[in-house]
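Data block below; observations after.
For reference, chains read A, B and C in written order, and residue numbers begin at 1 within each chain.
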Amino acid sequence: MTEKKIDRKLIRHIALLARIEMTDEQAETLGRQFAGIVAYMDKLGELDTDGVEPMAHALDVRNVLAEDTPGRSLPVEQAMANAPARDGGFYKVPKVIGDSQ
Amino acid sequence: MTKPDNTQPVIGLEIHVELATETKMFCRCANRFGDPPNTHTCPVCIGMPGSLPVMNKKAVEYSMKVGMALNCTVPEFTKWDRKSYYYPDLPKNYQISQYDLPLTIDGHLDIPLTGGQTKRIGITRAHLEEDAGKNVHDFPAHTGVDLNRAGVPLLEIVTEPHLRSVEEVMSFARAMHRLVRWLGVSQANMEMGQMRFEPNISLWVGDPEKVFDESAGYFTPIFEVKNLNSFRSLERTCQWVIDYHQARIAEKGRGWSLADVGKQNWGFRDDLNACEFQRGKEEAHDYRYFPEPDLAPVVVDDAWRERIAKQIGELPIARKARYLDKYKISEKEADALTLDSPTGDLLDAAVAAGAEAKRCVNLMLGKGASIANERGCRIAEIRITPEQLAELAKMLAGGKVNATAADKIFAKMVETGDTPGKIAEAEGLLAIFDAGKIGEWVDQAIAKNPQAVEDVRAGGKKQKKAFGFLTGQVMQLSGGAATPAQVQKLLHEKLGG
Amino acid sequence: MSDILNLSALGLRDAIAAGEVSAAEATRDYLDAIEAMDKKVCAYNEIFAERAMGRAEEIDKKRSAGKTLGALAGVPVAVKDNICTSFGRTSCSSKILENFHAPYDATVAGKLESAGAIILGKTNMDEFAMGSSTENSAFNATRNPWDTSHVPGGSSGGSAAAVAARMCAAAVGSDTGGSIRQPAAFCGVVGLKPTYGRVSRYGLVAFGSSLDQIGPLARDVADSALLLGAIAGHDTHDSTSIDRPVPEYLASLDKPVEKLRVGLVKEFHSESLDDEIRAAVDKAVKIYRDAGAEIIEVSLPHSRVDTDEGGQLSSYAVACYYLVATAEASSNLARYDGVHYGHRTADKVGDIIELYSRSRAEGFGDEVKRRIMLGTYALSSGYYDAYYLKALKVRRLIKNDFDKAFENCDVLLCPVAPETAFKIGEKTADPLTMYLSDIYTISVNLAGIPGVSIPAGLSESGLPLAVQLLGNVFAEETLLRAARMYEMASGITRLTPEIVKEN
């Protein structure tokens, strides 16, 4: 299978992608467990899967479409009732630049 | 070293178009701009735990329509993928999009260039995704997030890197803007962010005839500039980046290359009228695309394809050519009538109802255009029917009303929705054929204006002006109901000359 | 223990309909039982005592007014805490959703209530359904009612323990890799994972979206059929739910399947299996054979269980499952970031990345973090093909094995778990060992087929034993009838732990 090394740098990289802060000690422990789990996953490499169609869905369902007819939205207070921080009708976050995309 | 002046801009464009559906892409919240923040949200578009997306059929069909109008193939099988990145306007922290199997692929758009030529620009793909919400930066110390836009259907059109100048970019952008409005799939209002451009700009340094031939030159770094929401900012950005590359080439030579520097993200600053650096290749996202398990793939069969193809109808370029050929109108008039499809549809229907094309065009681009302009809408949206337009054009042609009266009738027609015949009668705007009545007005005008009468009778160089003056006086007395031809005939009879 | 608590859900429903028992009495008895026993079992995260009594009184009023009653009218049930309810909290036993109040009802919660069920409370689980012991709850470890030093299984351990300890008439849970069937086996109740798409997932907090399915945990097969009938069906809010009629599961239940063909899964009947569990499966074979069924040995090569040199079990299916499930989970759980709902760090943060990373670090437990990390890794650039894509292909091979097996069989017979309920703390140190608890259940989720765990008596040490029956897609009717045949022939049903008898 792929060449890989489960080192602290990789764990740090994955942790950043996953947005999970961790201490060096946690990264160390996780790295060790990761190595074991990944080695186990590597077992799949034994199987010949050439030409096998990947299966992303449990069932073969197609074309589930809804009509473009408006339904009910939540009242703002209900929609934002769980918001950890608000400024009026906005969710409040630290300064960011621009919009995503 | 290649001379810095031997460069060729190579530009590809991504265009995001918000589709004008009633509801969002994956929930049935209203797709509406401009309301107070977070008033059109639900568990699905807030990305609440347990919520699931259900796709909007109209959005899929609108996208197919655009793709087909761009001469794209609509493959039989298309699916949804999740694109992962964290941003507060993206509540699930993944965007439902299409990665390897988009709804439409491999098309082209012919764009007009100055001098009457056209150029074919390749379309790589047009795929459907959900828009993000909006980050609002009006607060001093933090950012506010509004999710009204989150989940609005967004069509992303990607071109091949076929654009070779700012002029070509602008021509393409305008053609695309016209096309989506034409198809009725988007208002494409750029101020509202309904159409956004994202150019990828690089310079080919070397033989401009051999772009992509590595033995003949190299590329400068590719600059990707996101979220441009006006033609002006697009134009300015392209020019700015081209100039910037030129300067870097002069400064760094071969070191300023795609191979060495990679791809960069830049942003356009409206206030500075310039671009600024945002992110380099080492900070590139890892989007971790994978098939969206919550949505079923879409399978498009021939029947569906044909049904959509039928809805597309005639496209603007073909229609313009037809108008020039069949209706014998000017290039300018033809352009004005093919800005959107309903306006031309109105014209065609009026002509089909037996009216003369030229008279309909005059009415539409005269009073019609001025009313539309006042209201800030398209001519087809001022609410007149083809039947009304045709009837009025026929009345003009038959001399039943004159041009002034026709304008009045037009305005009244828009206001009340009545037929032009009914309006003309009610308002006394019908041309008067009764020689006796007109004769009375002619007599009054003669009696009131002895000087003019004398000038007419005297002949000479004042005659023409005086005759015109008297005609005008009679027209005024008639309240516009007489036709100038009748008045002039009677004046001639009574005054001679 | 009151007589009411001894009635099955079906029995209680009928008693209420007949006016022998009121819904209010039943609800009161169950609330009292919870009060008395849940200190020891810790099955519930939250109880809706007042609301439940109110709903029960409404049912009683409806009945006395002569109105038509639903299929579950007055039956007190428990709901796993990853199924959204517009009342109370939906926490997924996670700190990150500790105070989350869903503004809507999951389709299943709505269906239970419109059938007249009384929702007593939300049950404990492994955080975000990630675990096989309910020890990964951020709040409490649920105890096995048969021996409170043992785990109830997981992740629907709260639901299983509540049913076993008579703290509800029946419950619903969710099953992504065995999370209904394994705790059902550990607690001696019937646990059914329906075909993927049979029950709406709308409002079920997603773990592995292409694997998750809600199903009943009940005291006997008939109650399972009753509950499945109430919650199954097409839902326009779930694009993966299937539009096909829901059979009357109860109506045909007691009719034995004629010429039943039972497939015995060769690969699962290995020597590594616990002796008592192996004996339970052998006994089930005998029961079916005696009932006239044909026993056919079938092979599921890609779900094979091996023992390596170190004595550790291994299986392609487990590797495949942990890649698919964690990849989906890494994406499904990205939304918990402290912006729109859920836990946000109280620390002052410099920027949005710090806000995300610290809120998530504080809000998620270790196992959840581990799985998010693993899934992120499997999807990340450079590893996608070797891990995630490879797993999707192996998933197809696993599914193909089942398709082939069902060409000759109506149901497949196999164990549920490699052992009986283990001790609390026994497996927490090594995540991989814990993953192997699902070795006989996960293929079912990968293939999307239904499976049911049925009690098979008690082990020598007094812990429940179980066997598992698997059906073809949408063959729940056959599956339940076959399960009922076993139940009737074995006489093993409605097992009652000592702790209940003492109460």
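The rule is simple: a contact is a pair of C-beta atoms (placed from the backbone, for glycine too) under 8 Å apart; a residue touches a chain by one contact, two chains touch by 3 or more.
What you see is a predicted model, and the numbers here were worked out from it, not measured in a lab.
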Note, CA centroid farthest from chain A's centroid sits on chain B
Which chain pair is joined by more contacting C-beta pairs, A-B or B-C? A-B
Taking each chain's centre as the mean of its C-alpha atoms, which one lies nearest the mean of all protein C-alpha atoms here? A
Whole-Å gap separating chain A and chain C, where each centre is the average of the chain's CA atoms: 24
When the centre of a chain is set as the mean of its C-alpha atoms, what distance in Å lies between chain B and chain C? 55
Averaged over CA atoms, how far is the centre of chain A from the centre of chain B? Could you give it in whole Å? 39
Provide the list of chain C residues touching at least two other chains, using ranges where the numbers run on. 100, 103, 210, 236, 239-240, 330, 334, 337, 339-341, 352-353, 356, 376, 380
Going through chain B residue by residue, note those that touch at least 2 other chains and give them in order. 43, 46, 54-55, 86-88, 93, 145, 147, 286, 288, 290, 293, 295-296
Chain A: which residues touch two or more other chains? 17, 19, 56-57, 61, 64, 66, 74, 79, 91, 93-96
Seen from chain B, its contact residues with chain A in the complex are 16, 21-23, 27-30, 36-43, 46, 54-60, 85-90, 93, 95, 132, 134-137, 139, 141-147, 196, 226-227, 267, 278, 286, 288, 290-291, 293, 295-299
Chain B residues touching chain C - in the complex, by the definition given at the top: 43, 46-55, 82, 84, 86-88, 91-94, 145, 147, 286, 288-290, 293-296
As the complex stands, chain C meets chain A at residues 99-101, 103, 195-197, 210-211, 236, 239-240, 242, 302, 314, 316, 318-320, 322-323, 330, 334, 337-344, 349-358, 360-361, 364, 369-370, 372-374, 376-378, 380, 382-383, 386-387, 389-397, 399, 431-432, 445-448, 473
Quick check: in the complex, which residue numbers of chain A touch chain C? 1-2, 4, 10-11, 14-22, 30, 33-34, 36-38, 40-47, 49, 52-59, 61, 64, 66, 74, 78-79, 81-85, 91, 93-96
In the complex, chain C touches chain B at residues 82-84, 90, 92, 97, 100, 102-104, 106, 201-206, 208-210, 236-240, 327-328, 330-331, 334-335, 337, 339-341, 352-353, 356, 376, 379-381, 384, 388
